[in-house]
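As written, the chains take the letters A, B, C and D, and residue 1 is the first residue of each chain.
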Amino acid sequence: MKSGETLGLVGESGCGKSTTGKAIMQLPPPTSGRVIFEGTDLASLHGTDLRRLRSNVQMIFQDPISSLNPRRRVEDIVAEGLRIWGIGDKSVQLAKVDEALGTVGLDPDTAKGRRPHQFSGGQRQRISIARAVITDPKLIICDEPVSALDVSIQAQILNLLEDMKARYQLTLIFIAHDLAVVKNISDRVAVMYLGKLCEVAPPDQLYAQPAHPYTGALLDAIPVPDPTVRPHEQPTLSGDLPSPVNPPSGCRFRTRCPRAEERCAEEEPLMREIDSGQYVACHFPLIGDTAAPTESVGALQTQAAPTV
Amino acid sequence: MSNRRVSSRLLASLVLVLAMVAAACGGGGTDTTDEGEEAGKPVRGGSVTYALEAETTGGWCLPEAQLAISGILVARTIYDTLTAPNAKGEYVPYLAKSIEHNDKFTEWTITIRDGVKFHDGTPLTAEVVKNNLDAYRGKYKGRAPLLFLFVFQDIADVQLSGDKAVKVTTKKPWVGFPAFLFASGRLGIVAQSQLDDQKTCDRKLVGTGPFKQVSWKVNQQFVAEKNPDYWQKAPDGKPYPYLDRITFQPVPEPEQRVNALQSGQIEALHASGANEFVPLREQQDAGTVKLYESEKFAEVSYVMVNASKPPLDDVRVRKALAHAIDREEYKQIINQGLFTMASGPFAPGSIGYLKDTNYPKHDPDEAEKLVKEYEDEKGPIRLSYRSTPSPATTAVAQFLQQKLKAVGIEFNLATVEQSQLINTAISGDFQLIGWRNHPGGDPDEQYVWWYKGSPANFGRFADDEMQRLLDAGRSETDPDARRKIYEDINKRFATQIWNLWANWTRWVVATQPNVYGINVETAPKLPDGSGPFPGLATGHPLHGIWVKK
Amino acid sequence: MAKLVAKKMLQLVLVVFLVTLFTFMLVRVKPGEPEDLLVPLSSVGTTQEAKDIIEKKKDGIRADLDLDKPLYQQYVLWMSDFARGDLGNFYAVSSERPVSDRVKDSLPVSLQLMIYAQLMALVIAIPMGVYSAYRANRPVDKVANTTAFGMLAMPNFALGLVLAYYVGVVLGWVPPTGYTSPEVDLVRHLKTMFLPALSLAVGQIAVYMRLLRSDMIQTLQEDFILMAKSKGISNARVLWRHALRPSSLTLLTVAGLNVGALIGGAVVIEVVFALPGMGALIAESILTNQYVALQSCVAIIAIGYVLINFLLDFVYSILDPRIRNVRAAG
Amino acid sequence: MSALPAETDVSLAPAGPGTSDQAAAEASPRKRRAFGIGALLAMGWLGLITVLAVLAPVLPLDDPLESVGAIARKGPGSAPGHILGGDSIGRDMLSRTIHGARASLLVGVTAVLIGLLIGGAAGLLAGYFRGRFDTVLTGTFDILLAFPSLVLALALVAFLKAEPEAGTKGLSTVTIVIIALGIVSIPILARITRANTLTWAQREFVLAARAQGAKNSRIIIREVLPNVMPAMFSIALLGMAVAIIAEGGLSLLGVGVELPKPSWGNMIAEGRGSLRNAPHIVFVPAIAIFLTVLALNYMGDVIRTRFDVRESAL
């Protein structure tokens, strides 16, 4: 990942998106694969170093209730990062809290003394964002930050995240199960299936010409707000998600893939660039008729290992 | 018994114990009974459940057993003693046919009754009696009597005298010896099989008594059924007992016993606390229960002092305790005004009884003076008092504590389970302890309790004068001289304060109105034709009990 | 499944080992020589004969308890005796009574008390719980709830004392004290057990009722109840046939777990009502320093408790995997 | 009620597993503030009894240890100046009841504090760190829980009780009872704290705190503890109730708070022989226990409802 970039990470529920997010934070450390942050393998860090590094990476969570401590006041929640690292004295901290609350669109004076339950879901997500940005992190992992919110609020929060990104020069990883949400905010979109990336591409390219059958199916599932367009005739995705503990052999998607052939069961497809900036892990992609070469082109580590 | 006048009422019994469950004796109350005349003819059959104040967890391997009143009652259903006290308190032959002594009271010949059988079918022989006596005095293989050992220290030898008699030789003249063959009902004659039983001697009981053991579940019940071959014959010519079955249930909480009787759960109980006398007398007035109360040949309730350890080895401290306690208030508060306060160990009617022994009067100022005197000399007095955890005994303990605190004596309380209390006393690991002992009988029976160095001298006072008096009393044959000796003993207690006297213990046996045969008027006569013993301190015979249908 | 059984068994063995070890240590660590605690007669011997008797007694106890051996051997020997049913003795100056004798007499009493209390609690609590769930937040429910709270706050020993006197004596309905075994007189047995069982049950009634009520309220909101109602099935039938069963799982779990606790938990009640059960036996053992007996009795109860837990755990994990998870979490 | 804390925690068990945090979180502020009349009464009684207990030595009461012969066994109202009458040896019942509250409340509060400090801390750490530490701790507590609690308390009291030698002072009986009941309450409080910690420690705000680089100690104290506190507190209230009752049970067995110092438990034990002619000696302290336990249980319940405490999943 490049600094300042927004990466959208998309996939069905349970496919390992949040795990990827947490793995980056080493919460808990991933069982395999590596996380390289500014040239450091995070798995090699322990104790204070790890904690200090974590403060450079922040998370915004899906559930606005669970992610804020109900027993603490907003001021304490937001200031926590500063206090942990002893940044500034009390007045500096207070000023920073006010500033952060202000930038996320909350009135610091009324908000500070209250507790999370006195806020609406959208406001709570704003608090989460204020908490995340207060220590000037480099990377923020947004774990489905808007999926629990009303549609009207979703847009506000997405806009706010865009603003924040610009204001604090953030790098964002934006996790969502919905391709539509990430389309506008992402510089690149990665599609994940059962813990593996299957396609990475800039959003416009991805939406216009999905290469992986799974991406295609996901795109088909987006409701189109145009009554003249008829729903797809063929069912988009059938069957249940196989167990991630014991994934199918070869290509993980083959059990649900309309294009699956014998090879898919025997050989795991590797990630390759199929178009400029568009990478796919499929033997029989939707674009370009060429079957995948048998030799690895090698690009991205498949197991949740973005680099910055 | 050829010779006696002795009227011994002795007995000492060992270990008795029982904390001072407040005791009895209602200011000369009458020994009530309103039955007798309308009782009619005894009926055979039926059963009685009798609630006892305690379980005898140690069992009834008699030579070794530590029996309190409840245990004695059970022992008297299964076993017979060689002698028994009669209406006048004289010890007359019971299981023995006769008991004779030489002129110097140093040789006692016990002749065995013919045709008596143990519950296992074996006959009562002179040899079994000899073995029993040897077992009690610690000379029988396999039996280890700890306390009777000392009671019978003055026995020199026990020998068979022909096949129908046993001859006991004593080390010195022993005037009151027949009383010791009763030993408060503890000296039952045990069958040979039980005597030789090493494992289950405490729970497989075989005697000659009116009832045979059926079962014993500890803390639950002891069941005994009629012994059809019992040697004592009722007036109708058939053997006693009248009842088919008797069941003893230990019910330690006195109020529960009264409750059980009132609710018809049981037919009889015994009790000695003021808290029980009050409701029982009310029910007697209402005609719902029948009482037999007795303060004859009573025990005395008291605080036993361990005189072997400072500060209680100093007579001034003991005197201060006596002066500190308001005995009149004790009577009102603890005994609800019911029982007579004791002046000494010997109850009214007993040899040695004195109305006024000159026991220290309530005098807090004098007490305080003595305390101060002692403390200036030897430092602060700190005492501890042990009693069982029952409400009645803790009330006594707290009352005493208040009174002593008022004269500047600190005093802490410790509760000890009933069955541990006796061990506490024996081991001497106490300063003050609530106690009840010395039932009336022959005063010589108290010998082991007070003799210098005796292990049963729980108070551990070692007094040469007392030793001299006790020895003199044991062998003195002249009644007047004897009385004088025991009066001196009584006075010696009042000046030395080895015990702090409370009240004479009054016992009551309460039954359903249709139960007869316990009180003196309806109880069976003794084999020699004399009247039944009126005291209740060592239980009562059970073979004459019958139930009107 | 076999793996689960094996794992549980291993756990069981471990817990039993630790429980017995704990009991064993608790008694052995107490200051003072065991034989002196059991026969506190050290200072009696003024004569050689008496000393001999006492020493012989203590030697016997030392040999009996293997006191000359190291602690771990004592434990192993005790456990192997225990496993063979030899629970040691009650030692007294005049007797040595096997503890197993007493346990044989006491255990049934405690089990009876426990079962009656349990049954009584369930029989009263279930209708109360069902009805107050049905009438949730109505006056009936509030009264029932308040009653439950009240019952929970009653110290069972004080309740026992009061019941014994007022119900047993003043009203004279049932015997206020004592024990009659069912073989002797079944009716009387049931009567004597009534008040102790009730005293013990009162707290449980409240617990069970509240438990059932809250589960039931949830069940009543489920769709299948609505459907049953819409089919015109009578309220009573809906409550008893359709709603009770799914609601009673938690109740039965808790009731089952209480079984073990109740065996020993009735100590005070047994003392109040003069019932010769295990609780009274343990109290007696503790208060009279009969520590061999104490060791064995406590071990019996602890093992019983662990076993019951084990069985319940096991049964329920088979019946309902959700419970396994919940329990694992708890 | 059962004298067993182990049962009691079950007993007061959940109003069902499905109570969601959502509900609590979204309860309106006003509703959260309001206490019902019941809670007010309960707090009033607890406050009153606490104040009386604390102030007992300076209140114009009779000496609780001094007998007045004339009022022995006299019922409430029958002796002027002694509104609750006298006990079996004529000590003022009102004074003894108030002084008894000192001992009973002291036992209840301190025993539970011991349980909270040790059991609470252990449960918190076990629930937070899990792993082997958790296994060992849970195992230990399971063993302690395998003993019926009153039996364990009784055994501990017997164990701790030194033979009273003249002139020496071992632990006072109050201390012994407190320690024994404290030890008994440790596994119960630990178990409940652990269960609650488990659920809270998985919340995302804990993750967020770790993401911000907070140390475990800070997370436990700042993030987890405040949330587990209501559960601990409500169980602590129940625990106090149980301890007060347990002291009574121990008193009845003769090993409770040492006489003549009154506790509600030993007052009942003392009065049990006089139920027939002086029932008030049992009833007055019994009612005091009843009301106190009722109030404690009720407050525990109120707290549980307000904070939506999750019970230990038994």
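By our rule, a contact is a pair of C-beta atoms (placed from the backbone, for glycine too) under 8 Å apart; a residue touches a chain by one contact, two chains touch by 3 or more.
Keep in mind it's a predicted model, so treat the numbers as computed, not measured.
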{"item": "Nearest-to-centre chain - CA centroid comparison", "value": "C"}
{"item": "C-D against A-D, pair bridged by the larger set of C-beta contacts", "value": "C-D"}
{"item": "Chain separated most widely from chain A, comparing mean CA positions", "value": "B"}
{"item": "Inter-centroid spacing, chain D versus chain C (mean Cα positions, whole Å)", "value": "22"}
{"item": "Between chain D and chain A, distance of the C-alpha-averaged centres to the nearest whole Å", "value": "49"}
{"item": "Chain centre separation (chain A, chain B; CA means) in Å", "value": "92"}
{"item": "Chain B and chain C: spacing of chain centres that average the CA atoms, whole Å", "value": "39"}
{"item": "Contacts with 2+ other chains: residues of chain B", "value": "253, 255, 417, 429"}
{"item": "Numbers and ranges of chain A residues touching at least 2 other chains", "value": "none"}
{"item": "Multi-chain contact residues (two or more partners), chain C", "value": "165, 169, 287"}
{"item": "Inter-chain touch pairs (all)", "value": "A-D, B-C, B-D, C-D"}
{"item": "In the complex with chain D, residue positions of chain B that touch it", "value": "253-255, 258, 273, 275, 278-279, 309, 329, 332-334, 336, 382-384, 388-392, 394-395, 397-399, 401-402, 405, 412-415, 417, 429, 431"}
{"item": "Chain D to chain A touching residues, read off their complex", "value": "21-22, 24-27, 29, 203-205, 207-215, 218, 222-223, 226-227, 229"}
{"item": "Residues on chain A engaged by chain D in the complex (per definition of touch)", "value": "22, 25, 27, 51-55, 57-59, 61-63, 65-72, 77, 80-81, 84-85, 116-118, 128, 131, 135"}
{"item": "In the complex, chain D residues that touch chain B", "value": "65-67, 69, 72-73, 88-90, 163-167, 253-255, 258-260, 269-277"}
{"item": "Residue ranges of chain B in contact with chain C within the complex", "value": "51, 57-59, 61, 64-66, 138, 144-146, 149-150, 201-203, 217-220, 249-253, 255-256, 259-260, 262-266, 417, 419-420, 423-424, 426-429, 453-455"}
